[in-house]
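As written, the chains take the letters A, B and C, and residue 1 is the first residue of each chain.
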């Protein structure tokens, strides 16, 4: 008996343009269309920069040596901030899950942290520390940590009951239970929380730089805005976007795939 | 749950927050909440009185006084109203655009692939980029914040509506067709009720976020609203005012959540409780 | 081999909400078992059999009465537990799951032991797969191998085959019988399937829906037994009859 190949199961496109409407092509078509719309909007409206203008600007900026230096400064600040977020977020989240007293003492504070927008912190911090590296890092930590705390808390409480009972029945030592059962079961939540945190943290660093700093991607965008150079603003805006999107696609998706590799037979599980 | 590859951090965050605030034990937990709040005020008072000068870190009572001033002068009300209206406008636009997009994405595979990147990018872009773009496009204009809110809420609406469409019970559709209902009737009785829970899942969450975003956009280029007041405080280097507006902000979000959103949700889902059917939220 | 002594064991669950009645899961369980025996607790759903197993394993405590489980040299017994669902850590490989429950010895020893028992249940080559890649029956076999790998004095099994299809369950029953005969452990097995009880056990303890031991039967049929034997069917019918008489109220003549 012959095995049926995968492509027979999905009926192949019946017409030559079937390829044209496939998913992959659809996505590329969308990108091209977006670019065209942008080009049209840029020529039609004065305030909106064109793709070409933006591209030329970025080339000039590169020659001025501003691209690499500013990006690295922003990235360094974000990385330091997010490293702190990881440590603090996990620690606080686990503490809140383990000791209910800690939970109730800190809950309102965490909720306020989630509700308050980063830009308020950004303004405060500029008033307090002026142009410095501290400001961006502090706001990054303050705006991103609550997201991770909340998700870690949820994950720690979601350890599958039956597996805990099984571990108890076999008298598995606590540290092994923690390493093999609790932490892996939490990974989904931790990663979701950290992804949220990274997005918030990167935005926070940029905000602080926009409002009051002398270096960095956010600063550079504001600089060109003040100068009335909209291609500049658009260019740096694109850089802000591209960095986070690249990170998400390249790093985060790999991480997600790695810790989900045990889900081989469970096709119906989507998160 | 229908699989959508675009992860919405907001929805995850909402669920996580819900788990944190769920199942409060009676009695002693309130004690600890109060303890936490008191400790916070205690630290603040200490640092404001003994460590930092008042223009850097004003005391809690100075902030309270300023808050009172703002309430009495009516500034709080008028500014929050302005911001609220812009947020609502943004929401209406997001629904107006997002629902059709979601329907297309759910119904037509091509649409889903075509719009996927668009929605993904919108969902994952830092808020500052939205604000900057709105600033570029609209300048100093009350419409800017509304536009920005629309951009932020749109992906959530689109994705959830798409998920809702994908999850519509095929059996019910077949039944509807076998009784020769017209598609508009089918849409009304079968499709839309299936979508509403999904809509809520996406929508509820984004309120807090969209609110933050409106304020941010106002800071960049607004004429009225909370963000503008906050910007002014910044220009005047008034930490007192900034902190005052900050607290109002939190109070406002909690108040709207408690007094507007929750009852609205209850009203929309009253049929579920009456019928007793447990469809479960997605 | 273990010695199990249960005397007047009761279990009451307090109400979770005000206004509810406390739940009497077990009213009185008393029996003793030791040595190379296969004891099965049979009874209708809800009669408290799984609760009893939880108490034997130490997951739960009796509300009244005494429950003693003694291993060799009269010390605490080593207990292996096989659940209704396999309860494998889904993010660890099959071999890692075997290693998870072992104590003592280096990691190589643990891995070797794990492999040894996987071979015993015919899954020696599946060590590096994830549970999600195995069928339900295979996962349950891993569960059994895991329980045996700690060298248990007492093996507890809570309706281990009830979630499997009839064919896989039948194969696993045969395998279980062979393993029990070879390893000489004491087995405490719980099921609502009377045929299964008759097939596998040397002793059947019938528990009423009130949670009381109402019959303690010894099954004399020689091992190994086959599901198709006539005697198995006869005994099954007898026991079902006894259950019916228990539930039927006394007829007033």
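Note that a residue touches a chain if its C-beta (ideal position, glycine included) is under 8 Å from a C-beta of that chain, and two chains touch if they have at least 3 such contacts.
Keep in mind the model is a prediction, meaning the values are calculated, not measured.
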Identity of the most central chain, Cα criterion: A
Chain of greatest Cα-centre distance to chain C: B
Contact pairs, highest-scoring chain pair: A-B
Cα-centroid distance, chain B relative to chain C, in whole angstrom: 52
Rounded Å distance, chain A centre to chain B centre (Cα mean): 19
Distance between chain centroids, defined by C-alpha means - chain A, chain C (Å): 49
Shared interface positions of chain C, touching two or more other chains: none
Shared interface positions of chain B, touching two or more other chains: none
In the complex, chain B residues that touch chain A: 1-3, 7, 9, 12-13, 15-17, 19-21, 24-25, 28-33, 35-37, 39-40, 56, 109-110, 113-118, 121, 124-129, 132-133, 135-137, 139, 208, 212-213, 215-216, 219, 227, 230-231, 233-234, 237, 239, 242-243, 245-246, 249-250, 253-254
Chain A to chain B touching residues, read off their complex: 21-24, 26-27, 29-31, 34, 45, 47-49, 96, 100-101, 103-112, 114-120, 123-124, 126-128, 147, 150-151, 153-154, 157, 189, 192-193, 195-196, 199, 202-203, 206-207, 210-211, 218, 221, 225, 230, 233-234, 237, 240-241, 244-245, 248, 270-271
Residue ranges of chain C in contact with chain A within the complex: 57-59, 79-81, 83, 85, 87, 89-92, 96, 100-101, 103, 130-134, 150, 156
Chain A - residues contacting chain C, complex: 162-163, 165-173, 176, 180-181, 184-185, 187, 259, 262-266
